[in-house]
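One chain, subunit A, appears in both complexes that follow, with subunit B as partner in the first and subunit C in the second.
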Partner chain A sequence: MRGGELQTSPATAAPVRRRVGPGSSRLLPLVPFVGLIVVWAVAWAVVRPKLATMPSIGQVAHTTQHLWSTGELWRDIGASLYRWGLGFVVGAISGVALGIVAGLNRIVARMLEPVMTFFTAMSGIVWLPLAIVWFGLGTTTVTFVIWNSVFFLVFANTMLGVRSAPRLLDDAARTLGAGRAHIVFHVIVPGSLPHILTGLRSAVGFGWRALIAAEIIGASTGLGAMIYQSKEFLRSDIIVTGVIFIAAIGFVLDTFILAPIERSTVERWGLVSTGRAR
Partner chain B sequence: MNSGRLPRPVLALLFVVPFAVIIGVWVVVKHALHVSDDALASPAGVLAAARDLTGWGILPFDVSRSLYRLAIGSVLAAAIGIPIGLLLGTSRTCVAMFAPFLRFFQSVSGIAILPLLIVWFGFTEKTIQIVILYTALVPVIFNTMTGVRTIPPVYSDALATLGGGRLHVIRSVYLPGALASIVVGLRLGIGYGWRALIAGEMLVGAGGLGFMIFDARRFHDLGQIIAGMVILGALYLVIDRLVLAPIEAATIARWGLERT
Partner chain C sequence: MARVLVRFLIGVVVILGLVFGPGLYGSATAGARLSPALENSPGPVNVTVILPFKPQLFHQQQLEAYGVFAGTNGNRVNVLNVSQDGLHAMAAKYWVKQIVPFKPA
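Moving on, here comes the complex of A and B:
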């Protein structure tokens, strides 16, 4: 599976058609959110739905504050972040390490490609029923599913990266007398970094979404479980609170987790242009 | 990376070897370590389960159910998302406004919407359909929108000077120009939608492959679970590699566009 994620718009060469001040262009992204909130408020005021169907903004704010102060919110956020963190770190390390090893040998890489493609297609929540049989409901199952989602994606991208590293640099280093190990660590690995980082970047969001799905189906704590269980009690305000936090944390992870690493490596080295993601 | 150097029989062998190794390890683990049937099914057990499920008509029914839902969801996502994306793409301001908004909702996967949907629509077919539609819609709109943005303005300007109205510009410039991005968006949308579909089916319990493998837990039939998993993986591969990838390649080849 390709490192699938939303493509960001590349820096366009088009001239600016309208003169937009620097201040207003930064506020622009907020407009749809504000619009959504306005629509929500108006719709609620007009329809006055029951708490079971749709909460008011005030109710959501109140519930958030309540869950925050009783610590329930933190317990669930903590559980989710812990599982995601563990699954992501283990998946990333194992994916990169094995991907590099597999990618170094052309024959091995070609051999593994179909198998890994198949497992990538099968990765993630498809393993949930099996994981529940093996580990029961709870943290182990959820973490396993996240590891699964992250590992195959990162492995595939890493292996691709290693195979795509320009041979020229290899040979250049060797003419200067570099040994095999040196070439691996100082030429091939940095050369594969764009692909590796693409894989990691996709895996962040992928893993977070898999986390929520796994928690809904297979856990009793965590943000996913929180929003699923509240439907039993017809507490749509808790559901909406949970969804907002899921979106916010997911967004933060997506945007900020790898950015510093990317900035100090591939962007500084000029291997990718800023603002691009594949 | 020169594949021409390896003779064909060797290539075929290389393809088979890893699968054979996995099955070999699987058999060894199951029989030599005496892993119980409650923890793992043997390859033979999986095949038997697949054969039974097909014979009873369950497998074909569930597969067609899932594929049908995916198809409907994808067609709707395309029908709704592409026009919206095209319209949004015409304005630079709109794109700047909605790009972060859409990226934000990308994190709210269809499955996170599910509890709310269940509250509103119950454990029904409609719920599953909406989950797929929502999940697929975001990448389609986003990629269509940004695809339009990459078209050099000279084309739309040229058409405008010749008297083309906005609709004409959309039809003749934006649609073909953004086609490569649109197809990429569709591919992503269908990929994400497939996963959302499986998760949704597991929960909603209205038939389908996802529900089948989830439910097989109750009978402790790991053969069924693993058979279902393999079929799910294979189905996604078929859809992505044999259906979507060629469409993507054909579009780019036809229009000679470089993918952003």
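Moving on, here comes the complex of A and C:
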């Protein structure tokens, strides 16, 4: 070694790995979105389709600004989020509560598993024609369809989670003198949280999609209704505006609300592995 | 953990902002939309609601809740028999430009 310098021969030098900096890695998820916008802009500039077929980015931006300034977009977003929130909360609470109760009894769980799988496979939207007959057009029908989409999924996942909670923990708690209620709330429910949260995260997406489909037929307000009514006037700019808001709101609900909850609970407690690339 | 919390708060703020933001903004700026002549007026009044755009069915239905709809003229919607509470509720709508006393043609 000369003068304190560490020298390595070229044959033994480790290959230099180019690493993506932390700032650049945070921007990576934006790349596909930017790509889509570029493709849209270029395709529209080349093809120049009619408004009835496909709007330009500028037309969509202008329409969004106009619909927001007139209050119509706000009304429809509010109506959709209200119905989704109501259906999701009722479906989640009833699904988790009944799922825990059913999962605690092995016989009940075995009896209900096939019928829950049967109903889970059924999209909530198939109930729409009957719901319209029962409740008429409007919020009750749409909320019922959302509840349907959320409840069976959450119930099935919760029941599975309760059945999957390690029996060893149950036995250990009993050995230490814990009562039934204590075991349920301090052992079984936390142990089934990964399944419950998985069910809730899936239910967010299913419920949101069911909402939009239900509003197309079953309501006169909401983002789904806005899209459907715009087709009557061949207003693809309003349709695309609605589609963008539907996707963006669904993205925010999952990525910025449900995912952080999952990360700060079951992942932090080590109940599930993150599986993230190092 | 802090990053997760920040992400969660961003999501909550975005959703709550979408739902309640425009309403709160409208309420905060309602005073600027109401004509001084209508402030503290006794009893129901007849008003003209001026919008920055041509009113659609949605706007007519919204304003009808506060009085008797009496027709439109361009960007103006005439509403009769509006109470003080109704006046303030209409002024709190962010898409309303101005509310002035109704002057028959």
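Worth a mention:
Going forward, the second predicted complex is superposed on the first by the 252 of 278 C-alpha atoms of A that agree within 3 Å, B and C clash if a C-alpha of one lies under 4 Å from a C-alpha of the other, contacts with A are read in each partner's own complex, and residues count from 1 in each chain.
As a convention for this text, a residue touches a chain if its C-beta (ideal position, glycine included) is under 8 Å from a C-beta of that chain, and two chains touch if they have at least 3 such contacts.
Values in this document were obtained by computation on a predicted structure and should not be read as measured data.
Contacts of A:216 after superposition on the shared chain: subunit B is touched, whereas subunit C is not.
Taking subunit A as the reference, the larger set of touched residues comes from B, when subunit B and subunit C are compared.
Look at A:78: by the touch rule set out above, it reaches subunit C but stays clear of subunit B. Applying the stated contact rule after C-alpha superposition, one finds that A:70 touches subunit C and leaves subunit B untouched.
In the superposition on chain A, A:261 makes contact with subunit C only, not with subunit B.
With both structures placed on the common chain, the touch criterion links A:247 to subunit B but leaves subunit C unconnected. Residue contacts after overlaying the shared chain place A:115 against subunit B, while subunit C stays out of touching range. Shared contact residues on subunit A (touching subunit B in one structure, subunit C in the other): 249, 253. The part of subunit B that touches subunit A in the complex is made up of residues 1, 3, 14-15, 17-19, 22, 38-39, 92-93, 95-109, 111-116, 118-120, 138-139, 142-143, 146, 149-150, 152-153, 181, 184, 187-188, 191-192, 195, 198-199, 202-203, 213-214, 216-217, 220, 222, 225-226, 229-230, 232-234, 236-237, 240, 260. Chain contact summary for the complex, subunit A toward subunit C: residues 66, 69-72, 74-75, 77-78, 81-82, 249, 252-253, 255-257, 259-261, 263-264, 268.
Those residues of subunit A that touch subunit B in the shared complex are 1, 4-10, 12-18, 20, 25, 28-29, 31-33, 52-53, 106-107, 110-112, 114-115, 117-119, 121-122, 124-130, 132-134, 163, 205, 208-209, 212-213, 216-217, 224, 227-228, 230-231, 234, 236, 239-240, 243, 246-247, 249-251, 253-254.
Contact residues of subunit C toward subunit A in the complex are 1, 4-5, 7-8, 10-12, 14-15, 18-19, 22, 51-53, 56, 58-59, 62, 93-95.
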